[in-house]
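Step one of this worksheet: look at the structure below.
By letter and in written order, the chains are A, B, C and D; residue numbering begins at 1 in each of them.
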């Protein structure tokens, strides 16, 4: 009897534990958890100052009453950030077409501020058609970088080709600077739909 | 029979393993292959050795009626392994010091130690079943990591993830060869630390009924 | 081809049946001394060696020209055949006779089997089509006419309705 | 004579009889399903294609599973004569097996699953609307349950043989095969059982992996599976499993035929060598199912062809040859059991001929996936494994040996069964030679005649089988009274 009860108790505890640490079997990866928590807990994001492509200082936050879309890049990136830039460009077009562009700000934020000076940023902006008005490309101060990335839950690791790999995504920030949604970078429909609401 | 000298040696080895795992934490954790297939097994091994030493001093540990048949202990091991197979936990260990500390406690004491205290009490069929399952599931893990369309750990590169998948496959094949080979050529394998079912004793004396 | 295979198989099967029938009807007639037993082992090893030698000859003969050779040559023509639930797509509707045709067999979804049949229903050759792979098979049509493609690998609800046809035309008018 | 009728009763006659009763009933039921399918192909019956493919899936899974079950029961029964087995393992085996059957039947007839028993990736996930993922998952879980049942079965068999013979190598008869040492040579039953235990455990481990992979892929399709790898794993598992059922069933021949011929079946060196090579062949021959997968490495296809031929040699030159020698040299007293067991070996041997033919790459090009394929495997299942299982059933309930008689009904049963099964399988071979593809719910006009003749023969085979099962049920009643 005792072993049976012990097994039952351990099974219960074990299932509860696994259920808890996977948010009810909904997120087994850190990225899955981050996205789930954005929707459920809407944590407030840091809003440091960025130096944008024209050398001006802007704050990483939406306009009053608007929303912001944030993605993280580095301009030397050969692959995923190019793709992210393209998708931001398409997104901008879609938002304009849907008449939603007014209250939206878009930020491509570099996590490589040492290399991404205004010159590099403006090259990137030009390549992808960032206008500097709705869509800004900027880099935080080196001292703000760590806090910014950990606030967003973005992990940047060096790859073997002098570049980086990171969990690329489009982050939706509401007017009170809270993270309310995380989307795959090609999920343009999802972003548009979320902003419409 | 384990001599006192041997016991001391095992205890020292366990401590050394823990120490090495902690000291070379950064190096081991930089690569998912060494993280998952060197550090975690080494921690579990340390726990295994601790439990072996402890059970010599306190034989009641190994004969606890609650763990008759080894079922309760093996279930703890099962959940411990499931927890540390979650990519979230591995990512967590790299970003949060609390989770990292938990790893150094739970892998030895909720995986290695209960395994040592339960394995020989389990029925040979249960042991064989668990071993065969381990092989199948290592194969499945290998495939999961090689086929995953996404990076499952934010802290590791995609190519590292695929290398990890391949490593799981190699581990599965080597374990299959070792376990299989022993059944053919070393049927009496049942000495301490040996994971093979104690088959020669015909079961009746070596495990709980 | 098929008729020959059937005849050879039937002869082999009849031989095995005959041996069993003979053993059953001859029960209790053989002597049971030790010398007979030696004799039996001799027979057995002769049987094994005979089967081995026969096997080596047949294997070598049947594989001498690799049956799956699909090397492209200067005059070969490629055709892509794609299977999907439940249709065949071909990128050409006619192929010339007398030239090596290389069929690249693909699949859009599940496993299919491209079986090429003559108009009167004789299977000429086949190749599997599976997702993610291109199976290449080469064939030289000797006759012109209409040929059919039937599905040879079970692929779901309308597996039996998955057919297509194409034409083999005289060499000169074959498309470039 | 010492090893024959005086052997100690097997510890689990009751459970084995239950397993054989289930086997016999399912065999007859699934044969009826087969008749329905042949009748539908012959346009004698109007079956919706969806239902046809569901029945086909049930027939395949049911027959393979039951062949495995009956083979396992035979092995368990006779293994119990030589080594001490743990009783409850067989009960758990039966329970898990039945759980699997329930899941599979539910998946097919409630969920509409009809992807064939081979669950060839990715068909279970891509049904074209015929069934939903839940049905596919239930089917795969059913197979997992049956796999676990067999895994436990073999673990216990392996444990018992290792502890009795000191290592699997000894139980396999390797000292005898490779060293010529006749000392402590294990009996034929042990050598056969150990061989099957090794290769089918491996088969099940591979099968479990591909089943779990398929299950994950059902719900997370972005975890892509390599279609060629999945095919290799599925056919390895499937081939090994169905072969295991025959290799287990033949143990009945080794153990029972000596009771009739009065000459013991001994483990000779050639016997041990034959089984050692069988161990290798069974695992290496599966690429002969993939001869039309042209992206397979050439050497594997050649291996498939060569080993397909070599596999026939231990069967013909050792098991069949020895049986023929025993039959010739003795005054056998025929009854239903003896007749069916001898038929089993004969059918298996006969079936190997068209099988080896189909294993040749150049033949396979025009025979693969035609009805030639069900033709050859129905010969060595219907007239091989199933005949052996029926023979074992007849032997189990034959009562007192002295009173055992070959009744008219028995003779009628055997001849009806041979005529039915023989004609039925011959029609498959002829249809295959006429290029009729296998697994088609609806047949073309030209093929109907053969289908209709085959349906007639199939009915005869079912009648024969029904006689055997009813005789068994009657015998059960008698023996429980005694």
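Note that a residue touches a chain if its C-beta (ideal position, glycine included) is under 8 Å from a C-beta of that chain, and two chains touch if they have at least 3 such contacts.
Computed from a predicted structure; not experimentally measured.
Peer 1: Distance-wise, how many Å sit between the C-alpha centres of chain C and chain D, to the nearest whole number?
Peer 2: Taking the mean C-alpha position of each chain, the two centres sit 25 Å apart.
Peer 1: Which whole number of Å gives the spacing of the CA centres of chain B and chain D?
Peer 2: A distance of 38 Å separates the two centres.
Peer 1: Measure off the straight-line distance from the CA centroid of chain B to the CA centroid of chain C, and report it in whole Å.
Peer 2: Distance between chain centres, rounded to whole Å: 50 Å.
Peer 1: Using Cα averages as centroids, what's the distance between chain A and chain D in whole Å?
Peer 2: Spacing between the chain centres: roughly 57 Å.
Peer 1: For chain B, what residues touch not just one other chain but two or more?
Peer 2: Within chain B, the residues that touch at least two other chains are 150.
Peer 1: So that we know how the chains sit together, what is the shape of their touch graph: line, ring, star, complete or other?
Peer 2: Graph shape, chains as nodes and touching pairs as edges: a line.
Peer 1: Of all possible chain pairs, which ones touch?
Peer 2: Result of the pairwise touch check is A-B, B-D, C-D.
Peer 1: Where on chain D is chain C touching in the complex?
Peer 2: For chain D paired with chain C, touching residues are 49-50, 53, 114-116, 120, 122-123, 126-130, 226-228, 231, 270, 290, 292-295, 298, 301-302, 305-306, 309-310, 312-313, 316-318, 320-321, 323-325, 327-332, 342, 346, 349-350, 353-354, 357, 360-363, 365-370, 429-430, 432-435, 437, 439-444, 446.
Peer 1: Any idea which chain B residues touch chain A in the complex?
Peer 2: Interface residues on the chain B side: 65-69, 71-72, 75-76, 78-79, 82-83, 86-89, 91-92, 95, 150-158.
Peer 1: Could you pull out which chain A residues touch chain B in their complex?
Peer 2: 2-3, 6-7, 10-11, 13-14, 17-18, 21-22, 27-33, 155, 157, 159-160, 165-167
Peer 1: Taking the complex as given, what residues does chain C use to touch chain D?
Peer 2: Those residues of chain C that touch chain D are 1-3, 5-6, 8-10, 12-13, 16-17, 19-20, 23-24, 26-30, 32, 36, 40-41, 44, 47-48, 51-52, 55, 58-59, 62-63, 66-68, 70, 85-86, 109-111, 113, 115, 117, 121-128, 130-137, 150-161.
Peer 1: State the interface residues of chain B toward chain D in the complex, per the touch definition above.
Peer 2: The touching residues are 124-125, 128-129, 132-133, 135-137, 139-140, 143-144, 147-150, 176, 183-188, 197, 199-203.
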